[in-house]
Amino acid sequence: MLAVTDLRIAYGKTEVVHGVSFDVAAGECIALIGANGAGKSTILKAICGLIPPSSGDIRFEGRSIGGLPGHAVARLGICMCPEGRQMFPEMTVLENLQLGAYRRRSEDISGTIDEVMTLFPRLRERASQLAGTLSGGEQEMVAIGRALMAKPRLCIFDEPSLGLAPKVVDEIEETLMKIKNLGVTILLVEQAVSMALRVADRAYVLEAGEVVASGTSQEISNDSRVQSAYLGG
Amino acid sequence: MLVDLLQQLFNGLVIGSIYTLVALGLTIIFGILGIAHFAHGSVAMFGGYLTYFLILALGIGVFPAMALAMAGGALLGVVLERVAYYPVRNAPPINSFIIALGLTLIIEKSNLLLFGVDQIIVPTGFNRIFTIGGLALPELRIYILLTAAALVVALTILIQKSWMGMAVRAVAQNRAAAILMGINVHAVSMFVFALSSALGVAAGVLVGALFAIAPGVSGGLVVKGFAVLILGGLGSIPGAIVGGLVLGVSETFASAFVSSAYKDVIAFLLMIGVLLVKPEGIMRRSVAR
Amino acid sequence: MIRPVLLAVVAAAALAFPHVVTANYFIHLAVLAMVWMIVAAGTNVIQGYAGYVSIAQGGFMGIGAYSSALLSLDAGVPVWLAISVAPFITALAALIAGYPSLRVRGHYFAILTLAMNMVIYIVLVNWIPVTGGEAGTTGIPAPEPISIGTLEISFERRVNYYYLVLAALALTMLIVTAVVRSRVGRVLEAIRQNETFAEAAGVACWKYKLFAFVISASLAGFAGALYAHYMSFISPAPFSVDHSLNAILAVILGGSGTLTGPLVGAALTVALPEVLRIAEIFRLIIYGFALVVVVIFLPRGLVPWIADLAGRDWKLPRAQSAESR
Amino acid sequence: MRRLGVLTIAAAIAFSPLATRAAEKTLTIGVSDALSGGGAVYGVPEKRAIDLAIEQINAAGGIAVGKDKYKLAAIVYDDKADPTEATNVARKLIDRDGVKYLLGYCCSASTGAVASIIGREDAIMLVGTAGARAITSAGHKNVFRTRPPGDYTGDAAGRFIASQGVKRLGVVAARDVALFTQYRDALIKAFESEGGKVVAVETFGGQDRDMTAQLTKVRGLEPDAYFISGYVEQVAFAHRQAHELGIKAPRFGFSGGSAAQFLRVASAEAMEGVWDLIAIEFNAEALGENAKNYAKAYEAKWKEYPTPNSAFAYDQVYVLKAALEAAGTVDDLEAVKKALRNLTVPKEVVLRYLPVDGKMFDPKGQAYISNGAFQFRNGNWVFVKELPSDAAAYSKFFQTVRD
């Protein structure tokens, strides 16, 4: 579904991603793991059209999307649940969810809202509250729900557990499993490596802008380097 | 004495409703694009002139002519965004600011060139005067209040209820997230310029009906608009509404009870005071609410 | 190597000008151009170096002009003293206005200075007993003649006033050069490029910004005083917002953040309409287009652009171009 | 406006003596007037009147100076009624264009500025409509004015208002145009010396078009009558707003605009009964043959009826013609000044001047005409009566003041 080939990205003259390749098949859940500054978020931004790649190819369902503007990528059905939640803080929870369905604005979205609220009952209670006033965990739910509102073909999660209490992280993990079981294709970027590996089918390990290991989650979990670097083993 | 107070209040509200319209256009542009669109007053004047000539040329009433002129203004707004502001969207803010100053000169003087130097008054035919107690309520001023109110309500509904309005608010609050939702920020920019220029044109028509459109009027108008913006908080729609009325009324009272010579100074002092004490304005900063 | 030579050539040309071009009118234009150069050089400090757009330069010019004129007319202060004091009066006004205003940044600051200019203008128009209102103040004396031996130099004569303003311009350039090449100048550039960074690095930015603002204003006031005693008549009109915009245009057109750019820009804004002999209205439309086009296509202004074209290494302290940020 | 390159100008200056010798002689005069902005309602008609006079003089063979016949040509600049712009224009005309005679000048502030510097210049300035006293009272030997100063008329107006039975007068007037402030002060002084009381003096500025606040305030003081003065564009708004506020008391004023100029802003209903107390500037019925012919010619050329004060400018040109012919020179300014000072009222002028000591201009170069009361009736100004005014007495006082 998504194929990234030899992707290079530079900020100004400094190249930060040096020829990364990976792919995501339909229905799969893939994790990109790596330390802070490994280039994970940069790659996601390039996929979503927020920054242009300097070279390499990004294909989505066979079509090259590298350099396409962000809104056009979103309209193809690639939806990102961004790092730091990125609420529309002065809109209500309901409005945030509605905006998630912006690419489907000609359709009736009340059914989808109902589905998302069933997934996150807390959001139903908070529907008319301003998103900026919610707790971090609740905001993450809004962010995930908002991404689902688009009925995405590919859903990208950028550090969904960042800055959340361990109990909430467990909830997020549960939610990701639910979404995966709904059949949504997922690209997950996480620093919480053990959680990511529990959710994902396959994983790529990034270090300093390069893929240093890849394989099924099982294989990666067993990789000694990964164990020592990320899993505290 | 009470009648005089009420009379001054009514007069102040009429002027204030025009300030509100000007400020609304400025505030949505600032909220979305962070541009201090100084040419807004000249666009308003352009609209007033255009309406005047449409009324003369087509023999239509003031409201249809105003609607046409607003459409023309919207188009002009889109052109300004595309041609002048779009190329500097990623440059430091000082650049867009200087573009705005340049556009002001161009539009202001083009108005002179196109429409001449004479002051013009938009003919309305609303000459009746209603009197309640000792309070004189000229028909024209009532219509101005109503027109401004109708436009404010229409804008509020548009911004609160429509998909485009949601997109506008989304871009104002979180540009990056809005892009991820599939919102085309450039389309929103153009829409915002079209919308605000149409509002500006409406304000220009009202000024032209109540007073006159003449070279030099636009400068005062745009500065009052910014004063309102600062009073109400840059980017805040309710702030613009409240701020406009507050400025209109306080100016009228200042003119009557303090000094008609320094009424503009009083408005600026108010603005400077707000900036220094409560820089976010008397209302919260946001296009959202 | 090339710069001292060029400087000498320009200086020689400036000194010779009134003897080559003897038509009174062109000397008049040259005086006006130099007055504007002083304003533009000052504007450049706050706008080109610190990156803050001040739309109050016209107003500060007015404060300088009126204080010098009124001191000499009403208080009987010698004109030389009045002209020397005017920049300090203006500086004081700028200090009072700038201290609170510089707490805000960017657009807020620009709008605030615009309001300042309008307040100054309104006061000039309405404080009729002192300023004479819109009708202005007449009969402002020229500086007292200087006697060197038997030679008496009268500044009623236009040529002599030309040399006076030329000397003032040279003084201005010395001051501005000293400021921008000092540590202060480097801090101002840092503020322009990233104020938050500079702040985080422990620089008390507000002090430097205030200093830049006050220097800009007092040079405008200086120019205003020179203008008043040259014209012998002033009214509020030349100190309106329009003329603040003119100063901004001069800086942008010539090259903001360069020493020579604003001078070239100011000369162009005075000379162009005369050379083109076009109606005022077209001139202003052309100015508008010039602003837009220069900002979009030549964000660094004419002088750096020409310098680049000439392929020379002019070691001017110049603004980072917009696109590299 | 001539649009020539600098080089062409330089060439023209360099070769102008040659050119004059070769062709028939032309005397170029400079015209500075407000052709745009708020003053344009006065400046444009003034410029048109000058154009008309020049055309007539040239068609009749020009000006006979000694043995030569001079045709007139004008270089016209827009001074926007702005003092600074007007001084720049004067510099251009004198220094660059080499003009010796400056005409036009509709507005007080701009004219006052030029008058303040003209004393040092080698030129003669003929002032049209501008009414600030200092323009001529300052006593520059090269300034002459056809229009009487504002306070000359204001005094007569104050007495007239009192004679109408007004006891309490509310004043709403232009704030700082010397013409209007001097008129207003003279009016108040005269009105109070007749036993009247001024209940309030409210003012408005040069850009204001909303006088509602001031009018509402004065309305609350319940005066018997209002006095509203300023430039037409603004005063028309004040009358419209007074009408909107339901003010029924009589409104007197001073602005001297044509009916058409007022009706562009205020309805005939709002204007009905309003008084304008002005120098009798122009009234074809009251003034006779010359005036009728002027109105006819002006209307034929410009497709509109002349505004009242345009006649001052028209007369300027004939005054200059008479003075040049009397002096027998166009180059010797001292002789021309002397001729102007000794001039009797030329026969071609439209207005009825009141000579002082038999001469058109008094020792300070000031001319006088009579004052009159006009009232707006059924969409037009109607001449009601002449206001008693003593030109000789005023002139005597005028010699003693400098501002």
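Each chain carries a letter (A, B, C and D) given by its place in the written order, and its residues are counted from 1.
The rule we apply is simple: a contact is a pair of C-beta atoms (placed from the backbone, for glycine too) under 8 Å apart; a residue touches a chain by one contact, two chains touch by 3 or more.
The structure displayed is predicted, hence computed values, not measured ones.
Nearest to the common centre of all protein CA atoms is the CA centroid of chain B.
Taking the CA centroid of chain A as reference, the farthest chain centroid is that of D. Rounded to a whole number, the gap between the C-alpha centres of chain A and chain D is 78 angstrom.
Centre-to-centre, using mean CA coordinates, chain B is 33 Å away from chain C. Computed centre separation for the pair chain A/chain C is 54 angstrom, with centres defined by C-alpha atoms.
Centroid to centroid, with C-alpha atoms defining each point, chain A and chain B lie 42 Å apart.
With touch defined as above, residues shared between interfaces to two or more other chains in chain D number as follows: 175, 205. Chain B has residues 112, 261 in contact with two or more other chains.
Across the assembly, chain C contributes residues 126 that each touch 2 or more other chains. All chain pairs that count as touching, in label order, are A-B, B-C, B-D, C-D. Against chain B, in their complex, chain D makes its touches with residues 35-38, 40, 175, 202-205, 207-210, 212-214, 216-217, 219-220, 233, 237, 243-246, 264-265, 267, 269. Interface of chain A with chain B (complex): residues 48-50, 69-72, 74-75, 79-80, 82, 86-91, 95, 98-100, 102-103, 105, 146, 150.
Those residues of chain D that touch chain C in the shared complex are 1, 3-6, 10, 13, 78, 82-85, 87, 91-92, 95-96, 108-109, 112-113, 116-117, 120, 132, 175-178, 205-206. Residues of chain B that touch chain A in their complex: 163, 166-167, 169-170, 173-174, 176-185, 284, 286, 288-289.
Put simply, chain B touches chain D in their complex at residues 1, 4, 7-8, 11, 15, 112, 117-119, 121, 127, 129, 131, 134, 136, 138, 140-141, 210-212, 214-217, 220, 252-253, 255-257, 260-261, 263.
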